[in-house]
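Next come the structures, one after another.
Each of the next two complexes has chain A plus one more chain, namely chain B in the first and chain C in the second.
Moving on, here comes the complex of A and B:
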């Protein structure tokens, strides 16, 4: 029995639009361990949301999984494991619908728009329970109240019959979490769940997610652009830029010994609360137009350490110790001995 | 020369009056809640309730608080997009004379609309998609007849260059620009009238980290170049700390603490400030074990039906009987560190360890 829950190998998702092909996800490799938190970090437009939507086969219809695999190690009972390649499943098929919302569930960014205004909170949570379990309506309702209580909603018996507009942003996000937890998922995907919230609410939601993860023993895939959130919650981190994972490793390594110039620049550009006020380091330029991707390493036009060959050679994965990998030409031709010196 | 501001109800005392740009006194904005066919007034949402603070020439003042605390309302009252229902906004003109912006009406406000400008949060909604960049930036000059067409073009070109946009693109429409570039257009639009003060309402909240850093640096450069004064409204304390000289903390329409930026972080005197500071995400995973992080229970109070006494008392872990009945005034502890809490002197609050 392996500890790996999901392995993504060379996943490519392209969007075929009228103006051309957008390579939104362009060869992504990821591993999600059971019960651990993986943070996928990147700026808007880097493809992080698209990649995660592929796990549930809910990529927008103009987007196609062109190649690659998403291997899901499904634990059928305590000593048997089957593997499913989610990338091969029919988005409307029976098998993915069994997984979606039950074994893998998702929380979206905007709690204001991801709940339906037409149904009560209880109805929306119960829908998922009734669909995936054999519970009766009455039992589902009880479970629903219990879940709402667990995610810290006050007076759950009353709020279960309220419409979402009666809840504040933080409360709605809690209701979303309750919905996602309703079928005891093995993986919870959270797409920027705290971006629309205040710092105080964000801190509470992050605490809640940490506690729930411990309790449910589920894996968490956390998509964010906020490195502060990553520092709070991640076990491992994957940094994404223009459809590629440029660096991945455990959270301490990424923050304290980053190798890729993009990761380094991202970390430098967050304002630190310090006594001296220095000018912020920025990343020059901006994320390129998706229709006109730079050749070679996608980051080279903005990279301060770019070399002439960066514009033509696509960097391959360099492995440092213990799962720390990066895609950068700076490290490609260095021997193991020099690695040791570098780190 | 030190003048003491006359002591009114919760007016700030012991303020050094030198170099003031804006002196907000007991600012009040109550939105009526109406009901029924005849729109009977049922009550009021107290979006800003007795707000007092001041801004000096050339400094950056941060206004922080959770959503719904009235920080945007205060900003909009200052640019007079809203008409306050009470209080004063004393504006010190460049020549030293003063005027109360809260009392002015219609055309009387025109000269001040040039002096005090606003940058909005979301660059995707604040630019008219049917106007070119040139039209957007020059509109205010045209409307106010501040420049001839030829001058106008020169000014727009120069300013676009200054904010880091290519003037060749000024005939394009906003959709052709990314979020960071749009925010630069917004900045150019606000600076075209050579204002003295700019109210930045969450100006960098909608931007990515790397772009946010560029815009923050740009704002700082522009401040030095044009001798600007900023009122920076944000809920992000790391940004606020980075850019601001002084910080005003608001909770449910009231000011709870005002202090120098570093002082506020090192020596917070209000329990709400303490909780806000402790909610700021850490910057390194090694700090995860840090003890004493405070989490606020419950929700922010309803401004149309606020709690009695100190508005913060239902969520405050230090609350005592007195807090439930008596509203704490905003008082000067020392050196212009103002706080609205009965027990500031006695509480041992957790601060932020600055590196």
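Moving on, here comes the complex of A and C:
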């Protein structure tokens, strides 16, 4: 019985468009522990949303999982575990559909459009319950009211019959969370759930998610580009850049001892409130054109510590202590030098 | 929100729409009456020129004046309209047909049910064909099937229905030895209504139904395809997929339901389109519908028949729009609840 819930090994997802192939996810390794929170951090377009959609096999139809595996350790009962490679499942098949919404559920970025305006909130939440459990309609409705109450929706008896377009963004996101929780998932994927909300609502939703995670003992994969959010909720952090995980480790290590120049630059670009006014550090350059990814280390054109070999050599994973890993030639050189000295 | 309030909102909505509908029909009645009167001359002038062209005796001005007196054509337009509309509302009389020398009501009640049956069957056919094909074309975008339906659809849009009717006449005459004209076989044409006559009608009905429905079908396939393509990548579809719904259930419950919205609002303009298409096809195929009678009435300024038909067709159109509004409100809570 391991504590690992999901292991992603060398996952590659490519989008085959008319203009060419976009390597949206290009060799991602991730580990999600049971009951823990993993934050996936990265700029817009780095492939983090695509990667997490692969966990449910709901990548957009022009995107294909080209290689790699997503090993899901499914606990059947208390002393038996089976492993499923989600990457191998048919996206329209019965097996993945039984996992979706029941064992792994997802919250999306846009609460305003993620619920259909045609059906009541209750209808859309009950749909999930009725699909995956044997509850009767009446029982499902009661559970639904209970869930709405739990996620902090006032007057849940009344709002269960309300249409989504009559609720505020924050309320809709709460309804989405209630929907995702309805079948006691083992993993909740949240794709930038607070990005579209205003700041006070953001804080409320974050608090809510932290509380329900403790209560439900579920793993949380939280996707964000907001490092402030990461500091608040993460157990472990994975930093993604152009389809690759460039650094990962537990949250304290990443914040106190970042190794990869990209992580360092990200942390430098957080505004700090200090007595003296300083110009905010930014990462130089732009995210490269997706059709013309730079060779070698994808970050080298923007890296302040780039070396000549960075444009040709693809860095491999360097492991530090306690699960802290990075992909950067700076550290590979050190280790090879050290290795040479040792031998 | 409680059901009672929703029901109450619905009644208010119905009441408002019914008032608006009555007003529209009233305005349409004035316009249709005025339009009939617009061309110079009246039925009597048509009659006079006919008699001259047939080499007959010329009408004396006195006799013409007598005729005008008899038909009430001398009075001002306002008075004529007033008489016409009060007769319709209070007595159900639409006036007198100069050409057919009969009561206009008789002509209309004789022809209108057939027109209605034909329009309705075409309408149902259009929906039954266009809806699934539109859905298929959107879901399997750029597949071979999509290209085939697109190709056929554009042909259907481009070929005028009267041309198809003529081709069909030629083919049926040449290869079946019998022209597919009319709605009834000869032995039933003047017979009273019976089960056999009804069956006989159904046997003939499918040809004009297809001819009339063809153009509309092609248009609606394109509409449905475009609507659905807009919806397929919306976030709520992804939410539904992430729940584990099967693709078919998901498709029908979410994007198709959303895409139906603009589709339903096309009902309003589909009905008059069908009726207009019907006129030409009915003339070519010699169908006992309102089309040919209306056409002849307009030509010979048989004003009461023409105005009566136009009024009824307009009412049908207004009712069509009303139905589509009603369906929209039922389908879409955003419209119902504002």
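The rule we apply is simple: the second predicted complex is superposed on the first by the 334 of 343 C-alpha atoms of A that agree within 3 Å, B and C clash if a C-alpha of one lies under 4 Å from a C-alpha of the other, contacts with A are read in each partner's own complex, and residues count from 1 in each chain.
Going forward, contacts are C-beta pairs under 8 Å (C-beta built on N, C-alpha and C of every residue); 3 or more make two chains touch, one makes a residue touch a chain.
Keep in mind the model is a prediction, meaning the values are calculated, not measured.
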>> Let's test your reading of the overlay: on chain A, do chain B and chain C clash or fit side by side?
In response: fit
> Is A:114 touching the first partner chain B, the second partner chain C, both, or neither of them?
Replying inline: second
> When the two structures are overlaid on chain A, which partner does A:229 contact: first (chain B), second (chain C), both, or neither?
Replying inline: first
> Can A:176 be said to touch chain B (first), chain C (second), both, or neither?
Replying inline: second
>> Just checking: does A:6 make contact with chain B only, chain C only, both, or neither of them? Give me first, second, both or neither.
In response: neither
>> Tell me which touches more residues of chain A here: chain C or chain B.
In response: B
>> According to the stated criteria, A:163 is in contact with first (chain B), second (chain C), both, or neither; which is it?
In response: second
>> Under the stated touch criterion, which partner chain does A:100 make contact with: chain B (first), chain C (second), both, or neither?
In response: second
> Where does A:131 make contact in the superposed view: on chain B (first), on chain C (second), on both, or on neither?
Replying inline: second
> In Å, how small is the closest CA gap from chain B to chain C once the two complexes are overlaid?
Replying inline: 10
> For chain B, which residues are in contact with chain A within the complex?
Replying inline: 66-67, 178-181, 208-214, 216-217, 220, 235-239, 241-242, 262, 265, 275-276, 278-288, 293, 295-296, 298-300, 352, 354-355
> Of all residues in chain A, which touch chain B in the complex?
Replying inline: 43-44, 154, 168-171, 198-204, 207, 225-232, 234, 251-252, 255-256, 265-266, 269-275, 277, 279-283, 286-287
> What part of chain A is in contact with chain C in the complex they form?
Replying inline: 56, 58, 60, 92, 96-102, 105-106, 108, 110, 113-118, 124, 127-128, 131-132, 158, 161-163, 165-166, 176, 179
> Can you list the residues on chain C that touch chain A in the complex?
Replying inline: 1-2, 233-236, 238-247, 254, 257-258, 331-334, 337
